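Multiple structures are listed underneath, in structure tokens.
Each of the next two complexes has subunit A plus one other chain: subunit B in the first, subunit C in the second.
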Partner chain A sequence: MKVLVCVRSDLPAPMARVDNIQRLMEEWSAEWAGVLEPSCRSALQLAKDLSGPSGGFTALSYGRGECRAALEVARAYGAVDAVHLQSAEGSLRHDGNTIARALAAWVGERSFDVVVCGNSSGVGPVPALVAGHLGWPVVTRVDGFKKFLPQDDSFRAIELTQRLDAGWKRQVLARYPVVLSVQSGFIPPQYVSVRRRKEAVHGLASNVTECELPVWTDGHAPAVLQALTPPKPRTKRTAVPDAKSSAADRLKSLMGPAATKKVEKPKEDEGPRVVEGSAVELAEELLRFLRKKEFLSNS
Partner chain B sequence: MSFDGAIVEPTVLVLADKSAGDWSTVTLELLGDAELLANKVGWTVKVMVFAAPGAVRDEDARKLAAHGAKEVHVWEHEKFGPVLVPAQYTHTLRSYLDESMPRLILCPSTPLWVEGVAAAVAPYGALVASDCVSVKLNVRSDLELVRNYWNQKTHATWTFSGQRPWVVCLHPGVAGVGRPNPALSAPVERHQAIVLEENVETLEWFPPHPSRLDLVEAERVVAGGRGIGGPEGFAELTQLAELLHAAVGASRVAVDLGWIPYSRQVGQTGKTVRPRLYMAFGISGASQHLDGMRDAETVVAVNLDKEAAIFSVAELGLVGDARAVIEELVRLLKPSERAEGARAGAAAALSNV
Partner chain C sequence: MALRIVLALFTLVLAITMLGLLIVRMRPILRAMASARQVVRWDQPLYRIRSTAAQVFGHKRLLRQRLSGILHLFIFSGFVVLLLDIIETIGQLVYPEFSIGPVLGFLVDCFVLLVLAGVVLALYQRKVLHPKRFEGSDEKDGELILGMITLIVVGIAIHNSFFRLLEHPVFGMTTSADGHFLSYLLDPLWVRLGWGTPMAASIGYSVGYALDIGTILWFLAYLPTSKHLHVFFGAPAVFFRKLGTPGRFLPTATEVHSSGDSGISATRDMTVQPIQSFADMTWRDVLDLFTCTECGRCQDVCPAHQAGQPLSPKMLILDLRDALVQQTRGVESSVVRSLSLAGDVISAETLWSCTTCGACQEACPVFIEHVPKIVGLRAALVERGEVEERPQEVLEHWGEERNAYGKMPETRPAWRNRVTYHFKDLRRESAEWLWFVGDVASFDNDLGVARSVDAIATLLGGAGLDVGLLYDWEGSSGNDVLRMGEYGLFEQLATENMRAMERAQFERVLTSDPHSFNALRNDYPQLGFKKPIYHYSQVLQQLMTEGKVAPTHSLGIRATFHDPCYLGRWNQVFEAPRDILRRCGVDIVEMPRSFANSFCCGAGGGRMWMNEAGMKERPSEARIREALELPGVTHFVVSCPKDMVMYSAAVTALGCQDRLSVVDVGELVLESTGWQFARTSAS
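Here is the complex of A and B:
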């Protein structure tokens, strides 16, 4: 089975600030020592498990010099090939749509059975977009694989477990070729010794395949990044009173408890509401509270 | 299946989520944003729902209309159960897009929705943005969206322009739900969906169990400490967790006493959780424990000691025997059979899969 794992580097946590991210996106310099993005470590572990002890896998990263950290760790995990993908215009942009196009174009010209991607928050669209472009199935949130089925040309598949919403899981039979994605911590990564890491660093210099993609265009405008700003919460929409109702009704609505649904913690000076009573009284009070907060329906 | 050449309709398609029994909050938030955008440029707000036959009643559709939907399209199939499996919707969504390509698709930014929608729209060359905080049309009628970026360390403002379709996945809980207008109505069209699972076939389902539900991901956590008295107390706590669809957590003391595995420990030396609801039973609230749960949205604490530190972070504190309160809660919640009913419904739906 031919396995490709897509990995990417991240800024070390203390450096992940808006100004640094802005600088990194504009221009990469050697002072940026990236680290492997955590979900990619799980992806590497899955790729290693899928390849088996005798097999090897290919690691691919994209971007500029910061991707080197990811490829180093990939080599330490046992990647036999390391590929650095960049576009002719200098680097792949930080737009998932463009990255997915580039990855799909590169993978489509080769014969991989499984492509494994890390997905830090789980909501990154790149793995699914790659699968969509290639016309392959995608299984996200993989948290383990059970067994390979007998390999023959007509039916090649693998049994995986996938985490769904609300604690549900399912075991699936996925036919090759397939794109898989894992989130950080779903597949516990093994420790890689310092010695192996050092060997990977030394061995990487002469063993990275540089692949340059042509500038991709389909005649339509791409997504354009306008600005990076510190995170700021959006003003929440609230249930404002109907403008057609009378002034008295609108005032009543605004003053009433149902006017807004702001979730606020108790203010320091107010303190928490503490209730004493029998177990029955306390349980009933708790249920009233849960209903008020809409954790339980009123029916 | 290229997008080029296809006519894009002036519509906003909202993908509605009803997997948890009622419309999810993010569905109503999406409708609020869709209505604002549509009113600005004269688009029509259409809603697409994937549901088991009979799961979406006319009154459910009326609720969508009250929040701004102009048309409701319900795609029904026995396999569409309470568990969201977007791969099952992909074929139906593509069939719909082949006939009617909307200008904008809005969907919840949760891992499985993003998976299903991104895989479905990729062949059309659509631009996809996930984890979005807000979306608006600028003066040139380009789509301007703000999304969480770089592990939520920053917000990035992106612009989508051109003729290709746009897909925006909205982060749940950021937009808020506006006041509905019950006087509004929308026609409901029901269609028979086709589910193709040629390449990824479900072999077995594993229902949620409080002891397996990931603490870090759980929206609700019920945690126990020394005050619930022993492993039997945790058995009752697990019952309560099942009724509330919550994960079971524990303090370090309970773990050290061997009442529950370490994987359930919340705190500095355990897991850091950020649920919407955290209920602490018999936990005094050592600073190490508080460090692991202080970001919970709503905290409820039950403890015999009125001076316990846990009450300082609790929105509601109940002074009493934690175990007795748990028993009482289980007794009060069980007759409604809400949880069992939902679970039975889920099992019945899944037995058809």
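Here is the complex of A and C:
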């Protein structure tokens, strides 16, 4: 089975500040050492699992300097070929359809059975658009594959597990060729040691295939970035981890977004309450509440 | 004459057969050692000889467990004296009048009795006491060996006694006093039984001779298939052990640099090998596998084993040995070949259970080095990417943010704005001391850790010590990273820290974290770091000696002190924290497991960041129970931020906060000085 995985780089967490992200939208800075975008790690793991221990897969990244980090990790995961798609216009970051068309054009000229894409939000359009441009089926939110079915030229397919909302899962049968997308954390990725990463960097120096992307001239201009607004600061949720929990659990909670300030308990009379009673009693309780909140006058 | 010729022929044939078998059985083992990776252990030869003699002849470590030490000493000394018996017995075959003399003869018989006493004690231990540490050991092998030893010494007594009855009638000698006092007791018995005739005595002598010499030769041929190979390998294992501070993990230049033509290049020096197969082990590792006596002392002290996790250091060694034996015997099937050591022969859960506390190594009478093997096998898992989700996340944080907590490096240490004492910024100015804070003390929000950091900061500030911090230039020391088997990441972290320390101007380093202390003191020097390193307890001890920190009142409390593995066992710092506690008027009551035998809190070797699935009782809780047994002890004193985290949680989990307070050494010193915490009002 010939597997292609599309990977992207991201800013390392300590550098993910508003100014850097704004700059990133303009252009990747040469001084940044990127990291693999988390959902792409799951994509790499899926590609590796699909290829099996003896098979290799191809990793593809697009954009400018940022592709480097992603391709390094992909090599460390076992990608035998690394491809860098360059865009002359630098427009590949902002317009999902342009990206998808470019990828589809490149993939269409080759004979891959499966294209795996990371999809951090799970609803990103690129994998579906790639599939659409290629005329292939797409399976999103993949969290594993059950088994390969007996392969012959007339029927080549794979049984995949898809994770749905609220804990539902379903199995789908996908015939090749197919586009798969995977969210971060869906397929536990293997750890890539620094040593493997270093070896991959050495290997990568001479082993990236550079491809120029076709420029689209069908009359519709791609979307262009105009401005970027950072998210509004939210009040931090704060909690102190339970002292009875294990050290590992405590650490987990420390590493989460929770900070170290004391939890502010809601004032007793403001907290949510469940009131039971007859219709009259409930109406009275409702009136009391509305008066207290000054939606109704006390008269 | 005919009797001597028959016995000589018997000896010759048996010796050729058994020694041939011995060679055939030893060859693959020696070949495995020869083809393993090289490591040079010839430094300090005189010290090595002296300490080997103390361990082998003085049974220094073995005697830590009284009964088994004494019984082993009895049996061992009998073996040494056995040589005299062999000389005399074989000598008498050639020349009947040959004797080792009355004194040595007397000695031989004394040791015959001592060995028999040793065998009885050993059987009592195995059959009656049946200590848990023998679980998993090959007890049949042990009993067979005890049987052989009994046969040998009984044979000595028998042939010596019958020899006296043959002296005159068969060998034509005049009776001589040879010192074998047991013969004087046995001879009348034989005569009374009617076995005093030359024919019966000849048979009796032959039986005794066969039991003695025959069993010795059988024993020799049997050894390579038995755990008693330590008879050959025990002394070399002690002699070629790692010297210097036990906490060093990376090999020294001397260890890896051979002057000969063994093919070891200096450029390979500092690379530590993941153990994917036996070829990745050093010859010392292979020697260890065949030296294990299956005594189970290591298993007995292992916190992971006691916590009900799948790790037993003894079984780990034995499983590796059995796998290697499969290979060396040439029964290596394709299944065996396809098995990987890490994951198949030794399961990943077993390997990740280790806290790298080193208690096993400390207990092992033949100085087997478990931790390097465990770490090497872990490294193989790491290289294959087989790391659990949670530790993987932490490894990635170390790689990206240079701390285990995934916090922004710029916020390091998280308490920098809390204490009022102004620590110099070593990124811009120079200071005499660098306080290398470490991850846990920098970022953990455990209240105890915060208290101890405040106390140490106040004491250092109050004493007027010229101290600076590296702030965001500091990264994790990598001590846990190295012991999790992520060598590449350790090198990366160490290199960045060393680069930062080279740029900063300071004279010496103090650290409040024993894990950082260990890495900076033992492993960084192998990469070229040269500054002196101190644990803060050593610094406080010095400040108290100089009168810069002066307790004004005695605390008058009863406390027990927990030796952190990476301060005590791995770095031999036992006295400094105890000394300062005593100076503060603390009455120290030692726990049964203290000093080098201290019991791990369960956080080391990366365990702090791993799952506790399958754990029956956390080591930290077992330790708190141990402290609760001590009469009148109200304080559990720690000197490591990880200990603070683990034991605070354990005390809360056990619900004994009112009976036992977990406090840091620094807190008690501060309390005895009467100084106030140097906190900002904002804190």
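Quick note on the criterion: the second predicted complex is superposed on the first by the 226 of 299 C-alpha atoms of A that agree within 3 Å, B and C clash if a C-alpha of one lies under 4 Å from a C-alpha of the other, contacts with A are read in each partner's own complex, and residues count from 1 in each chain.
The rule is short, and it goes like this: a residue touches a chain if its C-beta (ideal position, glycine included) is under 8 Å from a C-beta of that chain, and two chains touch if they have at least 3 such contacts.
All figures in this text were calculated on a predicted structure; none of them were measured in a lab.
Subunit A is touched at more residues by one of its partners, and among subunit B and subunit C that partner is B. By the touch criterion stated above, A:248 is placed in contact with subunit C alone, subunit B being left untouched. Judged by the touch definition given at the top, the superposed model places A:285 against subunit B, while subunit C stays out of reach. In the superposed model, A:195 lies in contact with subunit C only, and not with subunit B. When the two structures are aligned on the shared chain, A:295 is found in touch with subunit B, with no touch to subunit C. Of the two partner chains placed by superposition, only subunit B is touched by A:229; subunit C is not.
Looking at the shared chain after the overlay, A:35 reaches subunit C, while subunit B stays out of its contact range. Within subunit A, the residues touching subunit B in one complex and subunit C in the other are 240-241.
Against subunit A, the residues of subunit B that register as touching in their complex are 4, 19-20, 22, 29, 32, 83-85, 87, 109-112, 114-123, 125, 127-131, 133-134, 144, 146, 148-164, 169, 174-181, 198-209, 212-214, 216, 218, 220, 244-245, 247, 276-277, 297-298, 300, 302, 306, 311-321, 324-325, 327-329, 331-333, 338. Interface residues of subunit C facing subunit A in the complex, by the touch rule stated above, are 382-387, 389-390, 392-397, 399-401, 404-406, 408-410, 414, 443-446, 486-489, 491-492, 602-603, 608-612, 618, 645-646, 648-649, 652-653. Within the complex formed with subunit B, the subunit A residues making contact are 10-11, 16-18, 21, 95-97, 100, 119-125, 127-133, 135-141, 159, 161, 163-175, 178, 181, 183, 185, 218-234, 236-242, 261, 263, 265-266, 271-280, 282-287, 289-290, 293, 295-297. The touching residues of subunit A, counted against subunit C in their complex, run 12-14, 35, 188, 190-198, 240-241, 243-248, 250-252, 254-255, 260.
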